[in-house]
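Next, two complexes with subunit A in common: one pairs it with subunit B, the other with subunit C.
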Partner chain A sequence: MPEFLAHTHDAVEADICLIVEGGYPYVLGGVASWMDALMRASPHVTFHIIAITISSQPKVRKFDIPANVVGILDIVLDVSPAGDRPAYKDRQHIEQGVRLLQEILSGNPDSCFTKLIDLTRGTGLAQAALLDSKPAWTAMEQVYQDLLVDGPLVDFFWTWRFLARSILSIITAPLPKARVFHAVSTGYAGLVGAYARHVTGRPYVVTEHGIYTNERRIELGVASWIFDSGANGFAVGEKPRQLRDVWLSAFTGFSRVSYALADVITTQYRANQNYQLVDGAPEHKLRIIPNGIDVDLYAGVKRCTEPHPPTVLMIGRIVPIKDTRTFIMATSLLRELVPDVVAILIGPEEEDPAYAAGCRSLVAQLGLEATVQFLGRVPDVKEYLARADVIALTSISEAQPIALLEAAATGLPAVTTDVGSCREIIEGFADDPVVGRGGFVVEACNPKATAEALATILLDDELRASMGQIMLRRIPNLYHKERIRHLYEELYSSLEPSARVETKPIRALGTAGRRSLLGKVWPVSKDRLFPARYALER
Partner chain B sequence: MIASSSTVVMQSNPARRTRAQQALLVAVVLCPESVLFVSFASDYLSLPAYLGLHLGLCALALVLGRWWSSVWMLVACTAVAGPFGSLIGVGLLVAQNEASGDRAKDDIKGTAKLSHLELLHGSLRDSRLRLGSASSIRPLLDVFIDGTPIEKLDALSLISSRFVPPLVPALKLGLGDRDASVRVLSATVLAQQHNQHTRCIGEYLEQANREPDAPANWRRLGQAQLDYVGSGLLSAERTERELSAARTHLARADAMERAASSTPAAAYA
Partner chain C sequence: MAGINIAIERMTQQKALTSIAAAYFYAALLVAGPWIFTILGIAGLSSTGCTTACDDLTLFRSVVIYNSLFALVVTSPLAFFSGRCVSDQLYAGVTRGAYFVFAAALGVFLLVVCATAVPFYLFAAEMDASVRFAAIQNAVLIGLSWLLIPFLGVIRAHLSLLVAFGINALLMIVLGRMLSEPSAGTLLGAFNASFAITDVILVGTLVRTFSTRVEVQWTLFRFPPEKWELPLAGFAYAVGIWADKVIMWYGAESGGLSVAGVLRTMPSYDTAMFWAQLTSIPVIAVAFVHVETQMSDLFGRFYGRLDQQASLRELSEVMQSLRTCVISSVATLFVALAIVATMTILLSFVFMTEFGLRPAYMSILRISLWAMAFHTSSMFCFVFLLYFDLRRQALLIVSTYAILNTALTLLILQWGQVYYGYGSLIAASATFVLAFSILLRELPWLHYHAFITNNTSL
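And now, the complex of A and B:
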């Protein structure tokens, strides 16, 4: 069992450093489960984890950490070291730093990110100079004029402060020793990967499950916490910038930085690659590596042959993005077509208790108490997969849902919304060796279409069996975890560190009284540089 | 407009601060300089000692006041002309500060006395006023037919924040869009609207079941169901069902109210 060491610089070198934002090991979810599975699939490979969080996030681990994890490092976005106290002669550096931050946050970063890293490492300037000083305020006023002149200054200030501080927090963080850095999204995780690539010269891979900028765009599109002046009326297109545009530009900038510095950019399915190209990812870096599941485990599930009511299964958290409401509405319509149908919902409810309560209330409104069962978490989902006749997935957004792959591996036909790679899984794609459909793809938020598709499968034994067979053949071919493990291990081993690897421990910013020259950093005490937030613990 | 007023605010604070700093300067620079000069004039200090202490004091003032550009002028005057220079420097600083205070006052007065032309310019600039006829505004539905994905996402964001029933067809067009992000955001906005109604109906239903004898509970429930019907979000079949349930609940509330008003006690009242 590897030991966790007090300081990252002294820790053993991991083979892979996985970088995740707001997920593993503190939050349950698809990407967190994927990370857990990736590490467990390769026990001979050692991993270090960088978890990007904010200070208000509870640091309660939701996963048992696998034995091949050698360390976990938290980077807290809203806490950044002060750095050196700025002197009069630093004014130019401060103005330059603020301009570089502006370029990154404007969505067109080019080489600004690496220049900013070099500036902070070379001068020792950080938050105290680039955010808290008077020259920084003056420079920020100009940024405000450039980015949001018609918007409220106070809102802009706090937006600027959070975004700029998060960048400073990232580029002043210590880095664990690792042979390859692997970010599991762009955004902040991608920035950390890009930072690691620049300062260590070690290879950097970015994997996108969903497209980060798209996901943020959607979140911001319905966010009620962002001030909207309403000045645009219902006009679309040419319009004054709003605060949400500032956030969006920042996230676009983060993705562009990630893509520019990454050696390889992977995603699970083809449709995502188009978005990556639009966001500036170089085509030669793009690869597809799908999700993998334990096919043998699920293929061994024996379908229940005893007489049982037609059963529809839905597996997923009871949260708005899974659109459980549409599933319940569809069940109501389905009951008219298949009166003895049973609908089983498996998934935790604690993430959004109000929504879950609303779903239970909807069941009562529709009189479905005898039809819909909320089971919460279950110890072994295979038992329910064996008893089900069809799996339903009504999500509004997905990438490549593991629950769908696992159900399909047991030979269960599926009805899903047209999100993520669900269509590819159910209908196959152009070069798919397995031809045919393993279910139906329907429009999101459409209970009627969902109910009709489910009824078609439930009422036709032959169709159900043939769709199940197609799923049984398609899944091992493409999504077997051994195949995926090989793909990742091959990818990792194919990446060589660049010639300019820094072999010495990384020194971050700050000096005790002496200024460092550009490009050269003076030795300093680690305790002073890296506060307790970086301490490692098991 | 916001920018200029914030500039005014920023200028006023340093102006107030400067008075205190000037007093401090007089204490820190002028007094020791005067003591030095008097000592030199009284032959307590030799010329080299006086010059050394004088320049040392200037350097110290520079180091202490490195963040304050006004100190440079004061130190330069003092270095050249000793305590007399300090007096001249302080006088110049006071004059400069008063001038900047007047400018700030002018700015504030200027904001209040904006001409009609300036007001018109401001209104046009922040889009409170538009030139051109109403027909120049592109209907949102057209955006979903021939707009770019970014325009569609912008439109969906608007619909999310300012939903009205006539916008439902636009949302439904978005559900079938070629771009996955547009489909996802359409579904998100649609689900958000549905959730608001079902959550509200659920709460009233629970309340009505808890207190079935209160007609107001059934009336609220029926009204919420009517609102859901009026939202345009429901399919034809579901509209029928929800409408029928709303009628039942409203009729129940009416019947309960009638029954309550026909009781002898109510008649007496």
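And now, the complex of A and C:
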């Protein structure tokens, strides 16, 4: 057994090591639910979880761990081992290490990631040398000149520190024993997968639900903690490089590393593959495996036949990316067309309490208290699916939303924004055996279009019924969990370990920032891993 | 301190000569007021003269010198520690733990007194019971005042300090006029009474600022492991100052004076060293008024620009100014100290008698004046490094001086009377070279220290 594997927390080798960033088992959400379903669907397959988090996030366990999970390892991104104390002779190694970090974060990693792993494992250098030493500071100043010249140094410092330390934290982490490593996104999870691939030689699969870089681009676009500098003053000829560009380049770099080292890259729908190709994914590695749901469970839901007011349902966290505000504004317009309409919002509000409060206050401002209901979490969503007439989804970014698939499986028509695979689910695709539309796809952030589409469905019983029927036929055909389970098991069994790359085991790095064991699972985080607004104190 | 030295610097910029003189006089009082007033007070008490009780006067002076040595060595680590602790708390806007910090420091000091000074005066020294008691009391009162000084410095209660020590000096002078042929016990009693009033004023100022409520602050106990260098630096600083003197008292072949069995001093060496140290005060006052003001201003600019999202280029400009300020200040202050030393050597024959110096002392005076120039310059480097919170480097400087001063004084002592003081001179000059080198080495890394070494957010 390789020496580095002997240091892992659990001696049992898992079939699959699932790597997740800021989600399962600590945060509810689409990807976390998908993971839970994936593991429960294959009880004969054993899993080990690597949960990536940061230390400051609230940590409460949100899932019961299935019996086939043999271990959980936390990698805390903002805690990394100090490594060997740098000596004068290490100056060149430090400069080289910082340069490699720069290349990865610049979005053009090539083989820099694997070189960096080999460097840290070969020299024992880690945070103390590559971030905290004087040579590292000098090298960082040069990186600043290259990446954000004349930008705010303090912001660059914290950005660099968080990103570089995250990489160091990942590439110094102990790895659990597993036959296949499976990252459920690129980003940090993809880096862990790539690291495992390089160090263990075991196969590595990356599955992208949404496109990581796109989602980060959206988040960075609205992030209030990023300062837009006026670095070029009144000059309009050249756009100054901004801090958000540094973050975006880093996430692009993470994706490229992940794609380069992955054996197979899967996504859930065709549109995503174009983005993956643009981000450097080799075409021969790409596959599509959609989400799977328990179709039988949802197909058995009996639609409410008793008289009830026209009901629109929206299922999802009350967070900006779901654009709940657009849904509320659409409801206001919809009420003019369907006066007795009822809009029900199901989903947790605690992830972004300020945004949720803003949504409630918008409801009050628009006088929709009698129309819009915030139900939070509900014990059984099927009860509400049975009473609803249409499901709405106003997200500005999605992958293949489980909530939409489950609603569609009950025969509910849908109005969604044109994000992720929503169009494929509603309208089908070129070779789709089920022809016809199961609802409407509208432009994102467009309350008027959303309201009109909803009204069309609510006011036309025949149309609503026919759309529901199309959904009832399309979903079992493509998204049945048994089909998906079979696809994943086939994928896992098709992957063979390659010869492990010989690297020296890392010295003296310890395991700070990692926790593992099954009985006492360490809680995690939210699914965004940016540091909170920071301050340099005297 | 920034507030008051800005005000004094403005006074120095006025056109009237009297205003400029008053500014520097006030600054001198601020930087060395307690010391000056204490010396004045002792001189006042000693001015009673003696015909029969001259041994008592010598015993009184010896006890005060020993207690000053004891108080400096014991209270310096505590003062470095507690001063920084309270300063950090005040910077964070917390005041409720300050009184506890003082109480804890005082408790430690009293424990050390019980463990060392009490048995020393009770069992080792040969003196009357009343003198023993007064000597112990004296050690406590001097130590208490020295513990209080950093606290009042932190809260910028400079005026209270001046008033307290001014009254102290005045009382001693008045009592000195009233007493006739006083015994050692009486002199110590008068000294203690004056210092008790001083301490009451200082404690009163502290109570007025922080209230008497002692709230236990457990963070105090976490402080030493984080900044262990500070108490150690305080100890090394105090040891460095006294090491050569103690060695001379007990090791010199001639010139020693012994009282009460164990209390030995060496007036020829002590007096020369004392006057040499006194000559540094004007230069220290200048540093206080101008250099510290500039440093404070530049530091404020650096962190202000940091808050305003400044670029590396903009921050480097401020850091460059800071570097220039530090290097030019050390160079200028050293030259000023050298000029003062040279002038004093040249003029020493004029005021020799008035200042209690004898021709036999002059060789030591010359050496000690040069030693003073080097040592004070080293201490400027030490203060600058502490300003940048480079504690280990600062500790290295004072430790080097303490070790070299001890070792070289011991070594050179064997070469005879002609070389008395050379140990201290060589130690001070070597320490200055080291201190300036460290400063030059660290100044280009101020960004690094601000962001990495001293960044409490990391």
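Methods note: the second predicted complex is superposed on the first by the 483 of 538 C-alpha atoms of A that agree within 3 Å, B and C clash if a C-alpha of one lies under 4 Å from a C-alpha of the other, contacts with A are read in each partner's own complex, and residues count from 1 in each chain.
The definition used in the following text is that a residue touches a chain if its C-beta (ideal position, glycine included) is under 8 Å from a C-beta of that chain, and two chains touch if they have at least 3 such contacts.
Computed from a prediction, not measured in an experiment: that's the story for all the values here.
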First (subunit B), second (subunit C), both or neither touched by A:Asp132: second
Partner chain in contact with A:Asp150 - subunit B first, subunit C second, else both or neither: both
Partner chain(s) touched by A:Thr326 [first = subunit B, second = subunit C, both, neither]: first
First, second, both or neither for A:Lys448, with subunit B first and subunit C second: first
Partner chain(s) touched by A:Phe63 [first = subunit B, second = subunit C, both, neither]: neither
First (subunit B), second (subunit C), both or neither touched by A:Phe162: neither
More subunit A residues in contact [subunit B versus subunit C]: B
First (subunit B), second (subunit C), both or neither touched by A:Phe374: neither
Intersection of subunit A interface sets (partners subunit B, subunit C): 134, 144-145, 149-153, 229, 231
Subunit C to subunit A touching residues, read off their complex: 91, 303, 306, 309-313, 315, 445, 447-448, 450-452, 454-457
Residue ranges of subunit A in contact with subunit C within the complex: 132, 134, 137, 141, 144-145, 149-155, 157, 227, 229, 231, 534-538
In the complex, subunit A residues that touch subunit B: 87-88, 134, 144-145, 149-153, 211, 214, 217-218, 220-222, 224, 228-229, 231-237, 239-240, 244, 271, 275, 320-321, 323, 325-326, 329, 333, 354-355, 357-358, 361-362, 364-365, 396-397, 417-420, 443-448
Subunit B - residues contacting subunit A, complex: 2-3, 6, 66-67, 125-128, 130, 137-138, 140, 143, 147, 151, 153-158, 160-162, 175-176, 180-181, 183-192, 194-195, 198-199, 201-203, 205-206, 235, 237-238
